[in-house]
Every structure is written in C-alpha cells, then in structure tokens.
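Heads up, there are several structures right after this.
Look at the two complexes coming up: chain A is in both, with chain B in one and chain C in the other.
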Partner chain A sequence: MIRRLFVLVLLIIIGYFLGTAMASIPFGAEKVDVGPYRSVGNYYVDNTVQETGGVNAVTSIVVLYRGFDTLGEVTVLFLAATGLAAILALTRERRKLKKEKPSLIMRVGTDYLFPAAIVLGSYVFLHGHLTPGGGFPGGVIIASGFLMLFLAQWRYKVDELGLKIIESLAGMTYVTIGLIGLFKLGTFLGNFLGKGTPGALLSAGIIPVIYIVIGIKVGSEMTGLLQNLRETTENE
Partner chain B sequence: MSEAIKTFFSPSVLGPEIFYGSSVALFLIGLYMVLVKKNLVKIAIGLTFIESGVNLFLISIGYVWGKTAPILNKTLMMGTPSKEVVDPVPQALVLTAIVIGVAVTAMALSIVIVIHDKYGTLNISKIKELKW
Partner chain C sequence: MGSRLSKFLYTAIVMFVLWLLLTSTFNSQEVIAGAIISVLVAAFTHERFTRKGLANLHPKRVVCMVLYFFYFFWQMVKANIDVAWRVIHPKMPINPGIVHVKTTMKSDFGKLMVANSITLTPGTLTLEVLGDDMLIHWIDVKATDVETASKMIPGVFEKCLKEFLE
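Here is the complex of A and B:
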C-alpha cells in the first residue's frame, strides 16, 4: 500500500514535468526550418521523386536514404527471434497440452480468413512504395494469418527448417542487393535499377524488391516466433 | 477533408492537447503497471504501453495543421511538396521503433515463459529471489 502511494506520487511528479515540457511545444505548428532545403525532412520530401522514383516519402527514407539503418533493424528482429528460440529451446520443459477443441466458428472462419490474410499481406508489401505500409506491416499481416491457423488447429505446425531456409535466403538477398549497389554505383544499397514512372507498380528502383524481401523475411520470422511461443504438442 | 478534421480536433471540441495528453497518459499508465503490478505478463503489457506513448508523442510532434501524409500524387509533385505534406522523418523513425518494440516484447515474453516454468507462478512477490 505504501509502495503504491509512493509510486503514485512519483508518477504525478513525472507527469507534471513531462506535461510542462510538452506544453512548450506547440501542437501542429511548423517546427523545422520552413526554408527550401534547410531541414532534412523537407529535402527528402522535395527530392524523393527525382532521386528515388518512389512517391511514398516514408518508404523512400526507410529503404534508400536510411537503408543501412533498416538492414540493422531487420538484424535486430532476427536476433530477437533467434534469442527467443534459444531461450525457450534451452530451458523450457516440454509439457502436455490440455485438449480443448477450438470452436466451429474459429475453424471455419480461419479457412476463409487465412488466404485473405496472405493476399492482403502480399498486397501491402508489394505496394510499399505507393501506399502506406511496406515490408514490416505486410510480413506481420502474413504472420497473423498463421497465428489464426495456430489458434484454430492445435496440431498445425509449420516446418521450422523451411522457415529458416526462406528467412536466410531473404536476408542473403537483401545483402546481395546492397552489394550489387556497392559494385555498380559505389554505395552500399545504391539504387541500381531504373526509376520508372513515379506512381507505377514497377518503379522506384530497388524499393519494391527490398520490400518484398523484407516482407518474406519478417513474415517467416514472426511465424517462427509465434510457433515458438505456442505451447508445444510434441510429447502427446 | 482536412478542414473537417481540423474542426473536429480544434481546441473548442477536443483540444490539441489530447495527443500530448494521451501520450503522457499512456506513458504513465505503462510506468504504473511496471512498478505496481505483480503479474509478469501485466508488466510486459506495461512495457508496450510505454512504447505506444512514446510513439504517439513522436508522431504528434511531426504533425502540422492542414498538411497531408507524405505520399505524393500528381498535383503534389508539380509544386514544392514540402509545403503540403508533413515531415516524413518522425514517421520513418516510429516505423523502426515499432519493429524494435515487437522484438523487445517477444524477448520479454520468452523470459516470462521461462520464469513460469522454473517457479510455477507469474506472481513476482512469490518468487523469493526477486523480492524488493
């Protein structure tokens, strides 16, 4: 009880200082330099079509301007999935599962929703350079389809070796694309493909290629992660 | 459309403080959960609350009245788009932060599973080695 009171006082103090700090930031006002190229955000927005061919400035930043950062991000996700698998495989005891059949609604609904989830996920990562979205949300949508399968069918299991192979191939393709850019243009992850017409599906150089690779990688990674988190059914 | 959004979120109806206020509120709720709750799963949920608060704060800092999303169409490409669309850098940063948040949550949950297997409980006050 004393501890809870102490925590509440602490939270009020933190909230007061956060609130006063945020009150000095006007909401919705122009915060960066308004001049043509003085802020990096304005530069990205004004030059993304000429330099990258992509109309979605956010994905141009994520894949091209800060592509190396995204490679690191993918690595972090990979490390988290691997670390989770390692922790659970080393220490977790395999236990019998309580048998409780998923309801009919769940099973039938999954039959219809699983293909839709795969199609929607592929759409999101294919159109990353044109619409909101990209490889990460697309991959997570695909993994959510597999999560529905895990929930609806207790015995369903994805082949883990296959997932690992797909994931590793996708990661290697990402690095290979970066190396081709290095040899052709002299910069790692350089945009060596044509820019195309802005707004077309086949445009923006390597952005859609990299987003397809990221989508497949994130999808397989998250699927493996969900399968690891699920209770195991092996020693039945 | 943007005019309608502006009137809906104008100070007379909700106040722009709603975005900053809710980000601070999410942060504080998450901190409260992490500090007070005894269930380890609830603590992990509190961590995701803190993440959401920070992400919402970053996004609402990047917003500018009357500007649209940084996705260019034909009319925007003609002029100088930086006068029409918001700063894309905070959005790209938040995209990264969300992915890192997923990784952190997954690791936290795996540790929770291991603790549950070892001690048979999720209540941190029953795990003697962790008492404070």
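Here is the complex of A and C:
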C-alpha cells in the first residue's frame, strides 16, 4: 500500500514538471522565426560550412548544433550495455549448446579480416566530418571485427577490465572537451578549435576529436556487450 | 617463420596500403593519419595476421599474386559461361553431387585461398575443409574418385597458387 502511494506521489511530481516544461512550448503556433530562412533546415544547409568548417552537414548538426543531444545518445548506449550486463549476470545458469567447431575457412579467414575491419572502422570514424559515417557506425564496424573472432575462435577473449577502462576514458574525454568549450566560449561543447579548410582531414574543429572518442567508446562498449552475450552459452 | 619485427612491419604495410585504397589520396594529413592507424593496428594484430612476415613481400610473390588474380578471373569467366549455359539450356544438363577431393596445399592460408577460389567460381562450392580433405558440391559431377576429382577442381588453382604460397 505504501509502495503504491509512493509511486503515485512520484508520478504526480514527474507529471507536474513535465507539464510546466511543456507549457512554455507554443504548440500549434507559427514556426519559429529564423530570419530570412523559411525553416531551420534551410539555415543549416546555407550556413553549416561557414560556421563549423565541416562539409558533412549531418555530422555538424549531430556533433555541434546538437552536441548535447549526442552526449545523451552515448549515455543511452552506455546504460543499455550496463543494463544488459546486469541482466545477464543475474541468469547464473548457462545454457549448454552443442555447437559444431568453426571450420578452417572461418578460423583462418577471420585472422586476415580482423585487422582490416579495425582499419575500416577507424577510417569511418576519422572521416565523419567529410563523408557519411562517424563515430557510431565506425565503432560498430570495429565491434563487428571482434564479433568475427568471437564466432570463429572460441578461445578468443577480450580483457573486460581493459575494455571498461578504455570506454570510461573515452567518456571522460568527451565531457572534458565539452567543459573546455564551456570555459573558453561559454557554451558546453563549444567549438574551440580552428575550423581549418573545409574538406581537409584536420578541419571542423572538435568534430573529428569527438568522433574519435565516440568511435572508441562505441567500439569498446559493443565489444563488451557481444562478449557478455556469448558468455551466456557454454560449449558442450 | 618471420621474426616479430618482420611480422609487425608486414602487417603495418598491408594496413597502410588498405588505408590508401580507402582514402584514395596522397594528401599529407591523410597519409600521416593512415600511418598512425596502421602502426597501432599492426601492434595489436600482427601475431594473428601473418606467420611469414616480410617474406610475403618478396617481389616474386607479389608478381605471382597479381598473376593469380588474372588467372582466377579467367577461371571465373569460364565457369560463369558454363553455368549460364546450363541455366538457359532447355534440358538443364546438371548432375549435382558432393565429391571428396584432396588438396596439396600445406599452409592454412593456402587451403583458405583454394577453398575460397572454389566457392567463388560458379558451379563449385566448398562445404568443408578437414585437414587435407575437402568436400565440394559440384553442379556437374564428372568424376567421383578422389584422384581425378582433385585434379579437376582444386588442382586448377593449386598449380598456380603453389608458386607463391608454399
């Protein structure tokens, strides 16, 4: 009974704050006035390159105009991975599966493909501000390289503590970059580095730096997640 | 067996070439970034990636590898025409079956190359590699005894691959 009462009070509090937050949004009103631009989309198309130095408008929006949002996304992924690890740790009993040994083609082929997958992933997250891609897909490509090893080489294991350290360092770097922007320019995740020549690898200020961090973070997170999932089954 | 340094250098060079292919530019920033990434990746993966190390880059081997690419391409064109003919032929002259062949390749990489070459040419498909034995699905079984079949399927690739792999 007390528990239900507690939930009710909590819901009322959340409802109140959500309501006050929503009340200030003019639903149904005319579009926000962005000067000569008909919508915010046109503004991005016309000004992204001059303002950020990044030729990929999508990346500039994701990392700079809405950088705070992306930090939230990274947190969501982190919470999902942590939640999955917690749930898997609770299921003590491991399913025993009778699996066939990976064939020579898989075992040897993955040895040669693995370094190439890491290089491809690094390429994708380093060129996030120039080509379609960025930290998230780059990190997932790197994790897929590890997935190949998990599938084809049973004895292969990644040091879990090492993964956690790399991931935490990457997360801390992301926040630190944001704080440097806050102190230097007065906005969290402000672009405090030079814009450079649009199109060059070293351009667009903090975008490549943040995408390197996100790539490393997503890569290590997904690798840990895949390893956790694999460990719920045991070879018979 | 190459030394650690030779393995490391070989892996770094191959990864750097891959990076150049991906970026397709000699812009100095890109080249430096590629060099850093190749060295980092090679530092962690060279034990996995290669056994012979720099010996793989012997000019004779590189030339043979390029020649093999053309040879394999020619085999693939022939097999494609053969399978296409079987597909459009009104009687569909196929005689599918699984044959047991033996490969003469010694190294794991050699076996991988032969198995993948067989799979990539239409009409034949490697099902399993166990030691020297290979199980191959063949769209038109011409021979069932191990010796003749070995000459007809893996033999075609082996005589060319042996030059630079073994």
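One rule holds for everything that comes next: the second predicted complex is superposed on the first by the 186 of 236 C-alpha atoms of A that agree within 3 Å, B and C clash if a C-alpha of one lies under 4 Å from a C-alpha of the other, contacts with A are read in each partner's own complex, and residues count from 1 in each chain.
Definition applied: contacts are C-beta pairs under 8 Å (C-beta built on N, C-alpha and C of every residue); 3 or more make two chains touch, one makes a residue touch a chain.
Just so we're clear, the structure is a prediction, and the values are computed from it rather than from any experiment.
When the two complexes are overlaid on their common chain A, residue A:Y123 makes contact with chain C while staying clear of chain B. Applying the stated contact rule after C-alpha superposition, one finds that A:L202 touches chain C and leaves chain B untouched.
Contact with chain B, but none with chain C, is seen for A:D46 once the two complexes are overlaid on the shared chain. In the superposition on chain A, contact of A:L179 is made with neither chain B nor chain C.
Once chain A of one complex is fitted onto chain A of the other, the partner contacts of A:V108 are limited to chain C, with no touch recorded for chain B.
The part of chain A that touches chain C in the complex is made up of residues 103-105, 107-109, 111-112, 114-116, 118-120, 122-123, 126-127, 200-202. The touching residues of chain A, counted against chain B in their complex, run 3-4, 7-8, 10-11, 14-15, 18-19, 22-23, 25, 27-32, 36, 39-42, 44-46, 48-49, 55-58, 61-62, 66, 69-70, 73, 76-77, 79-81, 83-84, 87-88, 91-93, 130-132, 134, 136, 140, 198-199, 222, 225, 228-229.
The touching residues of chain C, when paired with chain A in their complex, are 11, 14-15, 18-19, 22-23, 27, 29-30, 33, 37-38, 41-42, 45, 48-49, 108-109, 111-112, 115-116, 126, 128-130. The part of chain B that touches chain A in the complex is made up of residues 16-17, 19-21, 24, 27-28, 31-32, 35-36, 57, 60-61, 63-65, 69-74, 77, 80-82, 85, 87-89, 91-92, 95-96, 98-100, 102-104, 106-107, 109-111, 113-114, 117-118.
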